[in-house]
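Paired with chain B in one complex and with chain C in the other, chain A is shared by the two complexes that follow.
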Partner chain A sequence: MATAPNNRFNQDERRRNADHVSFLKHKKFRWLWIAVLLCMASIAGYALIDQEPRPNGGSWYGYTLGTIGLMLIVWLSLLGIRKRKMTAGQWSLKAWTSAHVYLGLALIVVGTLHTGFQVGWNVHTLAYFLMLTVIISGIYGVIVYAALPSTLSSNRNELTRAQMLEALTALDRQLESAAQPLDRQQSDLVISALGQDVFYGGLFARLAGAYPRCATNRALKSLPETSGQTDDPEERVRALLTKRSDQLGQIRRHLRIRAMLEIWLFVHIPATIALLAALLAHVVSVFFYW
Partner chain B sequence: MAFLIRTIDFTAAGREIIRDRTVDQSEISIGRASENDIALPDLAVEQRHVRISDAGTGKLAIESVGGLGFGINGRTEMRAEIDPNVGTELSLGSSRLAISRDGDGPVQIVIKQVEKDEGAGDAIQGFALASTLPSKRLMAWGLAAAIIILLLSVPIITHLTRTPVENDPENLAAGQVRFDSTWSTGDLSMAHHDLEDNCEACHATPFVSVQDETCLTCHEELGDHAEMPRLAEGMAPFGTGDAIQWQIAETLGKEGPLGCVSCHSEHEGAVELKAASEQFCSDCHNGLDTRLTNVSFGNAADFGKKHPEFRPQFYAAHFDTELTRVSFDDSPVEQSGLIFPHDIHMDANSGVARMAISLGKYGAPLECSNCHEEEEDGYGFAPVEMESACESCHSLVFDRNGPNFRSLRHGDVDDLMADLASMDRGPRSAVVSGRGRPGQFARGGRYYSNFGRPMSAYIAINRALEPTGVCGECHIPTSTNGRRNLTPVNLPDRFLMRGHFTHEAHGDDVAECTDCHTADTSGEATDLLIPDLDSCRDCHQGETATKTEEITPSSCAMCHGYHTPTMPWRPDDHPNLPGNGGNDSVAAILGSLRR
Partner chain C sequence: MSDLYKVAIVGSGPAGLSAAGHAAAIGMSHVLIEKTDHLSDTIYKYQKGKHVMATPSNLVLRSDLDFDAGKRETILGVWDEQSAEQKINVEFDAEVNKVEGQKGDFTISLKNGKTIRAETIVLAIGTQGNPNMLRCPGSDHPMIQYQLDDPGEYYDEHITVIGSGDAGIENALGLAADDAQRNVVTILNRRDSFARAKAANVSLLEEAEKDGRISVRRETSPAGVKDGELVLETRDGEDTISCNRIIARTGSQPPRGFVESMGIEFSSEERSAFPKLTPAFETTAPGIHVIGALAGYPLIKHCMNQGYDVIEFLNGNSDLKPADEPILLEKFASLPGDHSVEHWLDVFGGNVSVLKGLSTLQLRELMLDSTVHAYDPGDAIFRRSDPGSSLFAIAEGSVAVEINPNDPSFTVPIEQGSIFGEVGLISGRRRGSTIRAAETVVAIELARNAALKLIATSPEAAEAVNRIAVERQLLQMFGSGLTPKDIAPLVEASEVIDVRAGKALITEGDDDQDVYIIRRGSMVVEKTIGDRQVFLSYLPAGSYVGEMAAIDGSSRTATVKAAIKSEAIRLPGEKFAALLDNNPALREKALKEMDGRRKTNAFIESRKDQFSGVVDLYSETAQFLVDEGLGEATDVLLIDEKLCVGCDNCEKACADAHEGLSRLDREAGRTYAHLHVPTSCRHCEHPHCMADCPPNAIKRGPDGEVVIDDTCIGCGNCQRNCPYGVIRMDPKPPKKPSLLKWLFFGSGPGPGEASYAWRKEHGDPEQPKQAIKCDMCSGIDGGPACVRACPTGAAIRVSPDKFLTFTKLTEEAE
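Entry: the complex of A and B
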């Protein structure tokens, strides 16, 4: 069979593609081109139609763009369901994700043209801005997914999350015994440092990496200046607290990168569901008050 | 070198058991085998796992012997060097060996057992951002619910449960539907601004587009452009996109391209209602004759390039009671029943001018305004009154009565006859004061009276009504039932009825009267002095023309109105005009179709 090796090659090539090509470059940017075509067609149509008195979502072209936009939004939001059912082949999850990203970007053009550049304090503009929020958070997501994982990996320094916590626990145990000779005031500092939750701090502390009320750092600052003697208990506590602070620093850098990696989903997903609700209100209201 | 090895165990009751022993040797070994210095009975630990030795300068070297690494400060290493004065924790299996030293004392190794993975799984969850934020699901449902309740359900429910109110333009009710202003796609036009918070005034029925009927509850007096079937027939065919949209829209209950809202689109911002563009008119009127074969007017698309010649209406024959519309192309001749050469009256060198100069009333050659008086509304001119405009020169004095002159009454031949018949039959001397004898009863005498037939009066009447008589100067004599009479004066108030024109806008700074009305060269009253299309085009070109000092781009709406196509001059108190009846309006037709 002359064709057998050829088939085998194709099959392997397909598998290799599926394995190693980024979803952004999937099938030589197939979906990027489709999205670009969709945008250019939409813009050309918009430019060619002379809508009186001003461009409007209620013209026939406006309805066309609106319908395309609505179907795109519904389909794009189905990724959440689709990704839980991985399959290979024509509609592999990678193809689906590739299309999700590029068609989602094209939606900026389709949606904006559908508005006719009319915005106001109403449910229609609400839907538009929710859509933009979803898309912009998605763009952010793609960028951080490309840029941050290597930072996350290098910050790990070959430690797992559990090991980071374990290291901290080890330091805590040593601190506990090292601090035994300290006086009341200094013991309190150590107690508050040990008692503070590793994950203390809210969203903004995580994103900014700023923990102004970190008890460990406060204890470090409040301990007397270094005496230089290695057998001084205060000096040992100080050394351990410095280690603890360093370990916390690594954990917090990890938290910061994780937060930057994950924050977009906390915008992307709720805004998507809110967008679907706003779209329902948008479409129903337009035809209710037709 | 001495090592103090302290083992801490717990009894089943939780009590701590502490065992201390001191090993004095340079290095110690740790492993599962019992021959080790520290034996850890834990399968996760190698038989001989780690060796701790002095590394000089107070430091300790920890190295793996068995090939497996050991945990130190959370990290797995094969070899490490530590400062026991700072302390460190060595982790082997489930044992934690805290290594420390106080000054020059022995190296202390405290061995403790930890429970495996003490809540580690839960603790790791803390790394996820989800631990500091409400769940995505909660946020999603919260936002979606808020939107659906506030922006969708509240307006719908309040709309369905309201009590509909009849619209009254004089006294607009406040809107009853809550939060529906969030549905507004844009501000209403200025004229409808008061309805901004009363959406249901127009959007009366859910899922039914704004109906003409609703518009007409306020705009009841509007006329139609033409009858509905003719409008539909005359419309230009749609483009594909528009055709599909209308097909869908009409299936869903829109009133079609001839409904009010198809032209008067609202929510386009707080703008004034703008006149339609030229395109709007030319869509139908350019090539209208191909769709409507029985229209009386020509196609129009652009005033400068494609507009039919004007067809003024006037009286085309004496005694006509109906006006006739004739195109300027057909050399119209007006039969007003008057004889009046404009040119003689306007010539600054003619006898007329000399006469006018000699009269105190004028003092200069005649101007148009001496006879034609502009009306206050600025649109047209008042009818010329003979008494004020002509009589200064064309005197009707026929008799002298003492110091007074008697003038013939103007306007009615019967009055003329009566006046002339009353003319004194014989001249007499003035009644003087003082005593005197009556004198002879004879012509010229003080008491003389002519009791004979009034021959002189009849002669005077006949003479007056002759072409050369006093009436015949301006009027065309005729006879009615054998009696002398004059042809009635037939002048329309307005000649161009289909277009809107104001003289005020064409005042002195724009044009002289004679620029448009060629009165100065007109020798006959039969000349129709209304300007034709070409003379308007001297200044007015179509909408797309470039504006210059002379040229004014002029769209259709400058002269024509859509809702008053045939009657731009319709007076306000005269609503019953053709095409404006109670039951042929767009809404009425559609309403009857639906019923």
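Entry: the complex of A and C
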């Protein structure tokens, strides 16, 4: 009998046979089921085990939930390392993301039960609320990851970011020579449109896609109504400005979607680091001062 | 009349220069004829500072001139110095016009009117050819040049570029790039469109035209060159423009015509063929020898060795062992019996049928690109599903083919002298069955390129490989139970046909009844449903089609079209039907398969009525993927843009899994229905990049991946040959600080490909540019990094036969 060939063939065949599914559906929702089981077990334990005088993080059951929660949080935060460390081996970041999402959601149940519904103005509650902040920002992340990619793809229309900017540069060159015959006031409008930073506008403009001071649109509005003659310099400038405005629109929509896909990370990651620090304080204080 | 030289060497490249060097060293009267005013024009034309490699590294250099890997300037400097020292007799600015006479007294007429007489001629003119001259009065005017080295060196000039190819457009764009040079640049095109050039170049040119930076004159050709003026022939009559410099880029004439005019025969009509040569490099025209690239040896070291050898031969040294002797000795060391190189060459040439037509020189060269193996009885030579496109020849012994994967005890023998592995060579696909040594076997494994070269140069070999391939393909298709005798009439009547991409092999509704086996390339099956062509299925090489009509005599139910350039074996329908009639078991099997196909077709047709949107999407997506090269792919990266968040982690992982350069461009490439084909290697069945690699550095690896190894000389041929633009030329970047150092201390550029500026600042400036491309993460456990590193599951790698199916193309990933 021929033995298995001594290469990666079987592994590669498995990959080529694999279903093409998102991280949410990964392995028929394997991690969702694990998370649900974890939550149900935690709730059942909470309801059935009679803690005296009342459920509390300091009881043995509270310690159990706390340990599970702590280990989960540390493991979940390692995703950032996993993502960047391209080591060999049979791992897939998709499986990690899938587990990250569902186990992260399960933390709401595990963490809340661990508090025993006791909150106050202390480092313990701080850790709890930081955890919720991380999870809520993460939920936003999952929603945009599910909803926005197809819009990003349609808007891109087979152009790369560099090509979008190149197209704009090409239009700018044409505008510059086309605007030569225009009068002073009109050329000033074109000059200000060309002079404006493509990326002008702050975070708000980027997220909202609103650029009220866009010099290109202003120039377009200020040019007189169309004369209908195609060889008219004004008409040529108007056509070019319209193209420029469309091109800017595409770039801005791209930036907007990318910003919406990334903005939550600016909460999620710092809050995770703060959470890890708060957890350290929480654990140390519990062991020293209880 | 000049003196009669013993040898005239035409061309002062590595081969010619080395020949002249050796002639000078042994005191042979010689002349080296060079058409330009400097030595070694091909290397002279390399860009400034280019690193020239010295491969193959195991080949000893045998020449009176030195050569080692290094910068273009250093190499040319050494050669100039040494040729002066050695008193090589060079005739510069001497282009050969005509050669007359015969061995012992040739007369070479030069374009400048001089004549040179010599007893023998060594042609070392390479394969570059001469640029096409302008065909108009004044075509010898000094303001015409055929090359543009540095567009930045011309100021305030009226420059006209003639030629509508990429070279012409790139030159024109370069000359007009900087306004400060104040050049007036015009480009002439004989036709009204730039159809021969790359789309990207054409759009840049059109943009430059719109901006008024370049004046583009279509349907215009030069009619006369005068001082400071160029007369143009336009659609509306003659026109004259001022002009200080003309850059003519109208292609070049390959040297074959010139060589043939001397009565030298080539091995075949193929464009890639080389002149027929004796072991002493003598052509079919006695007294004329051919060495170097023109003889089929593009590497500098080979060329220089041949220059030395040919002079030794001319000097009467007939015992000279070629410089490759130690390499062959090492190669054959593993064979049993401790025999000499000659012994094995005699055995190979005498026993193996496909090698019988070869000269010793050709056989030696073939062996350099081949491996020899000795097997004990029972050893597996290769296994079913192994990747492999090499051809094996049995020099001694015999082998057994396990044609039934479920029953290894059932085998078919292949005898001494025959070949195997030809299906893999022709189809580019994985091995179809396991082959074991039946007794002690000595076999030659010809690498794909060597085998293809053999087929191209030896008509006997081509014929033998073809006959065997057709017979084996038929046996494999029908499975066990048939002998070569049963199918002999079918083999006899079969015919191999080429099918161009997009051409129909079978047309729906036709009444012909032939059966076809696709042996190379791939096809798609389409059917007209309603008023549209619907994609039914994809057929890889090794499949057969058309048997339905042959069995039941019905008219064709679907159209079969080539997805890419393909080859099919045509079997006459009545002969096929007769074979089935004689073999009831076979008939049963064919009917069963036919039924399976009918069901698939019926399924898609039934879906068409209920869910026409889904079927349209399937059909159009499949068509899109075939257009994007999936038809010739073996493993290709796709990105589902319904899942891709644009994090570029695939690119970063790619760079980090290799030396720090990404081999894929996620954003670039086409998209249909949110399915994106990024710029990344498809690992073609017949890789275009392999076609012209001087050091043979591109190979198919153990997992089917197409890889470029370290012997790459950075010539860029593969980059130009790849139709998908997936090969980049870059020096190996320096090592980055570790991930943790970046994470905690911010040192280094972080994960992914470092910026060009960082690489330039920290890298070794001497590091040569080499070709890099996807190697499917060869040798890395876990497989391709791009797929493993995708956080959302958007990046998938697929093979066409598994992915171009209804279920896969219509599955909901979200």
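Here is the rule we use: the second predicted complex is superposed on the first by the 243 of 290 C-alpha atoms of A that agree within 3 Å, B and C clash if a C-alpha of one lies under 4 Å from a C-alpha of the other, contacts with A are read in each partner's own complex, and residues count from 1 in each chain.
Convention: a contact is a pair of C-beta atoms (placed from the backbone, for glycine too) under 8 Å apart; a residue touches a chain by one contact, two chains touch by 3 or more.
Keep in mind it's a predicted model, so treat the numbers as computed, not measured.
**Student:** Quick one: classify A:Phe199 as touching chain B (first), chain C (second), both or neither.
**Tutor:** Only chain B; A:Phe199 stays clear of chain C.
**Student:** Would you sort A:Leu48 into first (chain B), second (chain C), both or neither based on which partner it touches?
**Tutor:** neither
**Student:** Does chain B (first) or chain C (second) touch A:Arg258, or do both, or does neither?
**Tutor:** both
**Student:** Given the touch rule stated above, what does A:Arg173 touch, chain B (first), chain C (second), both, or neither?
**Tutor:** Once the two structures are laid over each other on A, A:Arg173 reaches both partners.
**Student:** Have a look at where A:Ala281 lands relative to chain B and chain C in the superposition and call it first, second, both or neither.
**Tutor:** The answer is first: A:Ala281 touches chain B but not chain C.
**Student:** For chain A, which side has the bigger count of touched residues, chain B or chain C?
**Tutor:** Chain A has more residues touched by B than by the other partner.
**Student:** Just chain B (first), just chain C (second), both, or neither: which does A:Tyr145 touch?
**Tutor:** The answer is second: A:Tyr145 touches chain C but not chain B.
**Student:** Which partner chains sit in contact with A:Ser22 here, chain B, chain C, both or neither? Use first/second/both/neither.
**Tutor:** second
**Student:** Quick check on the output: what are the common chain A residues between the chain B footprint and the chain C footprint?
**Tutor:** Looking at chain A, the two contact sets intersect at 158, 161, 170, 173-174, 177, 258.
**Student:** Which stretch or stretches of chain B touch chain A in the complex?
**Tutor:** Within the complex, chain B contacts chain A at residues 58, 71, 73-76, 83, 85-89, 91, 96, 98, 100, 102-104, 110, 112, 117, 120, 123-124, 126-133, 136, 139-145, 147-148, 151-152, 155-156, 159, 180-187, 199, 203, 206-210, 241-242, 244-245, 252-254, 265, 268-269, 271, 274, 277, 279-280.
**Student:** In the complex, go through chain A and note every residue touching chain C.
**Tutor:** Per the stated touch rule, the residues are 1-2, 5, 7-9, 11-12, 15-26, 81, 83-86, 88-94, 96-97, 145-146, 148-150, 152-154, 156, 158, 160-161, 170, 173-174, 177, 258, 261.
**Student:** For a test of understanding, state which residues of chain A touch chain B in their complex under the given definition.
**Tutor:** Those in contact with chain B are residues 49, 52-54, 56-61, 63-64, 118, 120-124, 126, 158-159, 161-171, 173-174, 177-178, 197-199, 201-203, 206, 230-231, 236, 239-240, 243, 247, 254-255, 258-259, 262-263, 265-266, 269-274, 276-278, 280-281, 284-290.
**Student:** Could you pull out which chain C residues touch chain A in their complex?
**Tutor:** Those residues of chain C that touch chain A are 207, 210-212, 380, 383-387, 402, 408, 434, 635, 640-646, 649, 652-653, 656-657, 665, 667-671, 674, 676, 702-704, 739, 743, 751, 780-785, 787-794, 796-799, 802-803, 808, 811, 813-814.
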